[in-house]
Structure formats: structure tokens, C-alpha cells
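Starting off with a structure, shown below.
First chain written, first letter: the chains are A, B, C and D, and each begins at residue 1.
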């Protein structure tokens, strides 16, 4: 090949490259459209969850008429495949190609810890709701917020209120999913348990996605606990409960799922296996506040079932973000961050505030007790709300977010 | 570890082990006869479970299980005739790719038909609850599953070793060309074997629904273990697959009782040591 | 052992389970000769080759090559010692070109180490020259760019011989080079083998008696794993045991 | 013949230059990274005939090594790249030594078994690897040689670095398959028994191929660790091993350009479709089945078929390039 053709070729490539560069993405970036990215698991281990927060997020944006501060909202989603690598790649790709400025999701704590790194580096607004304390703790930064109650508060609400009603249940056995989420909630369950003289007669850590719980249930049964406490997530919860019933452990022994999703789990469980089942959750559709009531009504009309934690969380995060944008009068990530920091307001599920030092959302947590089949008034009448509380707050000394950093 | 816990762990191991053996037999026959590492074996198991759940609603528990067996076996026959057979003359790596593609398609189809959300199912009322075995309490349903899978495993083994058709299958595993030269319609044997392997996997999935629940990706959870069983037992060896299945099941279950995080890893350590020490597998001749 | 013995086997024995495939075989192949091994099917000829070439471990007995014991040496050591073989079933590298088949065999005798492999294959001009000479020798020069699997059966057999010749052996073991060949191709192959006589010491397994009788210097006759007779073609032809065993078994 | 090779190489460079403008730079980087890993597998699978289902072992080990070096020592870019490549190679030498003692399905399952064990160690050894959460907070050091220092912060710049690394790796791989090793590896793939009979210590060469592949895969793992500032646990999981295998199969085995095409097709397909439809694996599966049933030489064959049609027929070149022959013919023609 001669030099001339080679040079020509390189020139040609350069021109082609430049023209591609100047195309849609950049043009769009200069437009007024606000791109909000929902990153949810549509495939992989949490494939069953993905569509639910997607509904919630859509609902909030629709409620705003697909517009905020006069700018049209473009809602896009990406599949995180329940894998950190895919989540980060697609998040970064969406920031590059769609100019996404607001990112909400994903569902898994482990993956969120990867996404928060991208948000930090790419300086986009990031909202997550989950059980790892690290988003608003050890790995905190200015752009990331956690919507779910802090695991400290949540576990105290569950343990304190459960013990108030069942003071004699002092022998607890723990099933813990072996990742960020599980460790966080285990730590605070034990911490809360100390105040009530609870004896943790045993605890097993199993990988997320374990399908054979029979060994653990036999072990638990041998320890003769008063309470089987599930600190796991997704299908693991359901498999544990089913096995506990198969082995005759439940309903004699109470099952407490301290960080549950509520509705979606209930729907998958036979009413009989819900007997003596207690659930701590960030969102229950029975919440008695105006925002919650309206949302539940809209959701139920559309999907014929009340929302569980996942749609409520996505709805709540999106709603709060949109309100923060209105408050700031700007959709720039830095402005949204400043608008949220230290804000006290009413939203899903009720009165809430955002801790400026840690970006932890301080809000109510629920403890539910499932109804017996004959007590249910209709098919969705799953449980009584035993307690709703945002107390106690996590002492500053326990939070590992010592410096949230700068914008 | 106390006695009750040990007994429970071993019983659990035998239940899982029988399931592994059931999967392993089908996989082993398909690998031995058709020379296909059937990557879709896991999803056929999952499909069995899903058909079971729908079938139970229409035809009851036994009817559901039969529906799963028949539907998936037919699917297996179709896969063999329309897909695998076309690739009989090319490198086996392509069949690996084909079965991988099929497993993606079938997994996603399960999601489209039954939804991504998991399903739980209960054992039939007759078999609910547990019985006291003296050393430990044990769910009735699991005991029944153990017996039923054991019977299936034994029946498959006897079929292959004691019947004329089984002799043909064994001849095919030894030497395909010779079997064909003896005037056997080896192609039909291939189809039947693939269908039977698929059916066994589906039946395994169907029987395990009340034990393990349903999730579209459940096939991928079990597939690696099925392969471990085949390799550890010795390629093409049915007694090997049965022995390895039980061994893997019990080791996994005991490990769960001793050190839960190491349960799955112990299986792979077992397999690796097995291949290094006995290249032909536990009971393989080659 | 006489001075010009190149290969000697000493009581070579091989058992497969209860079956004794080769029973106390002692051969003595003289340098520069063509020594044939004949015998009915299943008499243990190929197993004998496999024992000599290290593919199968003998149950008893020893193999000496040029006075050095090579019993149980790995197959890949033998070409480096000067011993190369052809297989009964055509056994080449089907998807490599004819040239590459031979090139690989020539190159095997050189041990360039890992660093030598940094150069391009084409840069080894001496290997290239050797490979082309061997191809010309067996009459495949014109097909050198073709893939081995596209050759006719006769040409593949010739390639099989070429691959063995490529390592410039001092002893060549040929296992039925004319097996399965059409009459025309058989003639060609016989010519090829004849052309090698004198240049190489050859140990040949062959079924076709006419060929064996016409080209061999010495013949060993095997039956049921044992050598039942040995001598010049004439001696063997006249041996009664041979006639009985050989012709009897063939019927 | 040399001309053809040159044109091919120029086309390759052109494709690499255009790539980040056709797909997003992040996706382009990942394509190149996985192309290196696929290229390595192609060496042992396509050229030497050993299907490894455990390449993530070396990918992940190198990624963790690189991540830890950068987090704890702030090691410079090139040192990290060298260390990761070394770790990949050494690990492959150790594990490979055991694996190559067996063939066929047993070999596959051994590579898979070791992969599972190392995955398990990475999963449990959270103090070092971060376990299921991954190893976060990895900086992306600048490319620095002497006084020259180029920041790689933007996606495009990082792609530039990845692309250059890929081209270097490609060149190195081409030299390997063009060298006598290439012929020996293919001879072993075709007929290990015969390769031994002509004098090659088959196990030694298999071991060598496995080790070289491990080193390349390690390099790819290092590049991967810097992509998102995190080494996720799945970088050492069998999912990655499987992806690499399918990239090689899709692209067409035993061909130098196959892995790049396979990686590009695999990543691009999954990215493009996943944005459109959340059930994208279904389409991927259908595409795979169609390729297998109707287009078995992989994308390389599709390419040549299209070219033949465009060029008006003519004999189809062998998908397996006879690498040494043209060069040999040429060298003979030279004085």
C-alpha cells in the first residue's frame, strides 16, 4: 500500500470520526431535556425484582407530567444483570451517550457500591435505597444518597418492638446473606439484641441465591430458638420460610424477616405459611400518610395489586429528587445535592429529613405482623402494622462517614 | 455436631444426591452417546418445574409431574431432530454453542410465560408436615421424593443394563459406527436418548418444586453440579453417575452443616482431586 | 550384538489384561537393510511397533537402539534419537498444509528453545529447504500448499511416509504403507519404499507377500504374538511352520 | 501475500480507530479488553485444541492484583500491567500444569473446577478482595514514561490506551502464531499423537500455550480493573469464562481476527439489544442458534461469504490461514 493511499485513508477516517462525534448525543446534551436513568435488574439473580422499581419510577415521573422546571423528562432504563460490571458499564454508557444526570437504583447493595463509585467519578446525582450502611457510611460522597432507613434504626425498630410484644423470646437464630446488605443488618440486629438480653443461639451465613436451605433449617431447629430471624433477601427469604414449615419449625417458632419487601413476598407465600411471620420493611402500602395513600391508589389502579417496598422506594426516591429539583430550580447534580442536604419535609412514607453529613434519609420504618388466614378481610390484607418509627437515630460515633467530601 | 443434625444432613444430602444422579444419568447418556455436553440440561430441569406448577393446577400433582415429563421429553426430541442432528458431522463445540443458545432462549421464554418473579409451591396436602424418624424430624415430602427418585434412578440403570434397547444404547456409547453397521437405527436411538435425558431432568425439576421453589434461573444453579457428577463418576458410566451424585449431594450437605460458605466449593475440590487421582472417574473404564 | 545392529529387541512382551499380544519377541535389525515383519492379522505386529516407539509400555523385555537402551522412552524422544515411524492408519495433520505437515516434522529435530520460536516460521531457511527436499522425494512437491485432508488416499500415505522421513531418521518404521491402496497406488508406494532402500534402515510391516518377498533383506514372521521364523525371503518362503501358520490363519 | 497481510492490518487499525465512534467508548474499551482475552483463549482453543472453561481465573487474579497494587501502593500504570500479565502467566503455569495432564471433557472440567475454587477464595477473602461487593476505589493512573505523562481520565482517552494495548497484544499474538510455535500448536490440535511421534513433547507445548494465554488474559484483566474503578467479584466467575468461550466461538475459532469480531459482536449485541428490550438474552440466544445452524465458521466465515458474493464467487479461502506457508514461499524466493 502506498503512502498516499494510507494518508488519504487516515484523513477519511478522521472526517468520519468527527462527523460521528458531532451527531445526536452532543446535540441532545445541549437541549433542555432532563435524562433520568433507572438502573434495575431485568436479568440475573434479581430478575424478578427489576420490573417493580421500574413501575414506581415511571409512576412518579408521570405524576409530574413528564416535566420538571419546564424541562421535559426523559426516563431511560438500563439492565444491570444483577452484576456489578454490567451495572457500572451501562451506567457509564448512559452518562456518555444519553447525558444522564440523575441515576436511581439498582436493587442490590453490592452492585450499588459499584455504582456509587461511578457517580462519584462522573459527578452525577445518585439515589439508592438499600440495606448496606456504606452508601451513607464508609463509602459516602457528596453525590450519593440513601433513601432506605439506616440499618441501625431499622433493626432497632424491629427488635425493640418485637421484644416489647414478646418479651420471653430471647433465643434468636440468624440466617444471613453473605454480602454487604447481610453484614450491615446482622451487625445492628446483634447490637439491638444486646439491649434486650437476646441470646443469639446460632447464625449461618449463606451466599445470596442459596436454594437449599434444608441444612440450615435442620441446624436452626436443633438449636431450639424462639425466633428464626431472616437477614436475607429475594428468593432466599421465601425458600427459608418454606423449609422452616416443611421441617415443622414454623409456625411454632416465629419468623422475623427484619428487612423485607412486604407485598411481593406475601403474594408468593401461601397464607398458611404467613402465620407467625413478622416483617420489618421500609414501605408498606398500608402507610397512613397522604403521599402514600395517593401513590398506592394510583399503583393499584394500574397494576391490580398494592405496591411493595421496591416500587415504593423507586417512587419515593424519584419524587423526592423531582421536588429537590423544583426547590433548587435547577437540574444540575450539584444543585440537587445542595437542595436535598438537611431538608426536612413530608413525603413517602411521611415526615422525613436528609442528614447533610452522611446523606442518610431519616424516615419511618415499619414492623408488620402477618394475619392468620381467617383474619384477612380481603386478599391483600396481609398484615397489621405493629410499629412505625424513625427512632432511635444512629449515634454519630457509629457512622463511618466522617467526611462526605466536596462537590 | 449432634446425632440429629448429622442424620438430617445426610438425609438432605441423599435427597439432593438422588436429584443429581437423576440429572447426571441423562447428561451422561447424552454425552456418551451423542458426544454433546448438553448446556441446556439445566433449563430443561427448570422447564420441568414450571410445567409441573401449571400442570398441577389442571391435572393434580401426579398429572402435573407426568405433564412435565412428557412435555419436556417431546421438546428434547424436537431439539435433537431439528438442531443437534444437523450438527452431527461437525465439531462438538458447535453443539455446545447450540445448547447454550437454547438455554438462553428457554430461560427467557420461561420469564415471558411465567414471569420473572419466583413461584413457591406446596407439597400435596397428603405429604405436608414431617415425621419423627427417631433421630430427627424429617419432612414427609422429602422422604417421598428420595424414594421416588431412587426408584427412577434404579429403573433407568436397569433399563440401560438389562434391556435390549439399553444394550443398543451401550453399544452406541462404545462405538457408534459399529452400532450403525449392525443395522441399528442409531439416529432414532439418539433421539430417544436425548428425549429421555430431557424427561428425567424435567421430572427432577418437577419433583423438587415444593422443596426448592421456582425461579427462571434455577437451571443455572444446578447445571455445574450435574456436570461435576458426570465427570466425577466417569464419562458414560451410569453407576458412576449415581455414586458421584450421592457423594456430591452428601458432601455438599455435610459441608453446609459444618461450614456453610464452603459447601459449593467443596464439591469442586472433590471433583478436581477426583480427576487428578482417577482420570477415568470413580467407576469409568476409560 | 554384532557391530552393525541398529535395533535390537530383547524378549519384548506385552500383556493386555489376560491377553498376551506380544510374547518374547527378539529382533535384530541390521543397519542399511530392509527388515520386514509379516504375519496374519492380530499377530501382534503393530503392537510390536508401539512397544518399540514407546506408545505402549512393555510388560517385559528391552529395546536397544544403536546400542542404547530406549525401553519405555516417551514417543516424542525417539525422533530425536534417530527413529521415526509411519502409522497403519493415515495419521497426519489433516488441516495443516502438506508443506506444514513436513515442516513441522523437520523442525521437531531442531530444538531452538523458546527464544528461537520468536522468529517467523518462514525465516528458518534450512528447515524450509529440508521440507521441500522431502516433499520432492515422495513426489508431493506440486501439492505442498494443499490441505492434507484434501489429498487422495495414496497421496496421504505418501505424506505419512514424508512426515517420517522429515526427521532424517536412521531407522524408519513403516506400518503397512500400502494398506487400503488401489493397485495403481500400491505400485507407486512400493516404488517409493524401494527408493528408500539403502538410504535408510527400514523396519517394515506388510501384508502383501509379493512386495515383501521382492524388497526385503530379512523377514521375521509373527503369529500369536511370537516370532515363529526369521530369515531371508527364500528361507522364510520354504519354512513349513510359516506356511502352516500363515496360510492356515489366512484361510 | 505480504500485501494482503498489510491491508488486513491497516483495516484492523482503521476498525479500532472508528470503533469508539460507532459504539460508546466504554463499550469499545470493553470490546478490546475482551478481544485480548478471547485472543488468548483462541491460542489454546483455536490453535492448540484445548477448550478452557476457566479463563476468568487469570482474568480475575490479574484484575485483583492490579487493583490492590493501585489502591495500596499507587503503582504506576505500566508496572501494574506488567505485574498483572506476570500473575496471569504464573497462575496459568501452575494451574495449567495440572490441567494439561488430562484431555477433553476432563480438561474442561479441571479448568472450570480451579476457576470455581479461586472464585470461592475471592468471595470469602473479603478483607483483600471485598468479596461480593467487589474491590472498589481503584484509581486510573496516568500513562507515564519518563517525563511524559498522559491522563487517561476520559472514557475516550482510556479507550486510546486500551486500543494501543490491544494492537500490541494482537501483534504479539500474530508473531506467536506465525512462529514455529504456531505450526507446532496447530499440529498438536490436529493430531497430538502424531505430533509426539514426530518428536514434540506435546504436554510441554500445551503447557506453554496455556501459560502464554494466561499472561495475555492477565493483561486483559488489568485493563478491566481500571475501567470502572472497581474489580467486581464476577470478573473471576465462570460467567466471564463462558463469555470468553462464546466470543471465540461466535467469531470463528483458529483465526486471528475471529476473537475481535466475536467480542465486538457479543458485547455490541448485548449492549444494543439490552437498551431496546429487557429480554435481550432471548435475541442473543436466537442469534447464536442461527449462527450455529447456518453459519458455522462464525463471523469470519460470514465475512468471507459476503466478500465472495460481492467479488462474484470464486473459491472460498480456507478459514484456517496456513500461516507459515506464504512467508516460507517468500523467504525461498528471496536470495
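By our rule, a residue touches a chain if its C-beta (ideal position, glycine included) is under 8 Å from a C-beta of that chain, and two chains touch if they have at least 3 such contacts.
All values derive from a computational prediction rather than experimental measurement.
Between chain A and chain C, the least number of touching-chain steps is 2. Chain A and chain D have centres, each the mean of its CA atoms, that are 36 Å apart.
For the pair chain B and chain D, the distance between C-alpha centroids works out to 33 Å. The distance from the centre of chain B to the centre of chain C, each centre being the mean of the chain's C-alpha atoms, comes to 48 Å. Multi-chain contact residues, meaning those touching two or more other chains, occur in chain B at positions 111, 261, 264. Looking at chain D, residues 123, 279, 281 sit in touch with two or more other chains.
Inter-chain contacts, as defined above, occur between A-B, A-D, B-D, C-D. Residues of chain A that touch chain B in their complex: 42, 44-45, 47-48, 50-51, 178, 204-207, 209, 211-212, 214-216, 218-219, 221-222, 235, 238-239, 242, 246-248, 264, 268-270, 273.
On the side of chain D, the complex with chain C involves touching residues 175-176, 178-184, 186-187, 190-191, 193-202, 208, 318, 320, 322-332. If you check the complex, the residues on chain D that touch chain A are 3, 6-7, 10, 14, 17-18, 21-22, 24-27, 30, 123, 131-134, 136-137, 155, 227-230, 232-235, 239, 271, 274-275, 278-281.
Considering their complex, residues 53, 55, 74-80, 84-85, 87, 91-97, 99-101, 103-105, 107-109, 112, 114, 116-125, 128-129, 132, 144-145, 147, 163-164, 166-167 of chain C touch chain D.
Considering their complex, residues 2, 4-5, 8-9, 12, 15-16, 111, 115-120, 122-123, 129-130, 136-139, 141-142, 210-213, 215-218, 221, 252-253, 256-257, 260-261, 263-264 of chain B touch chain A.
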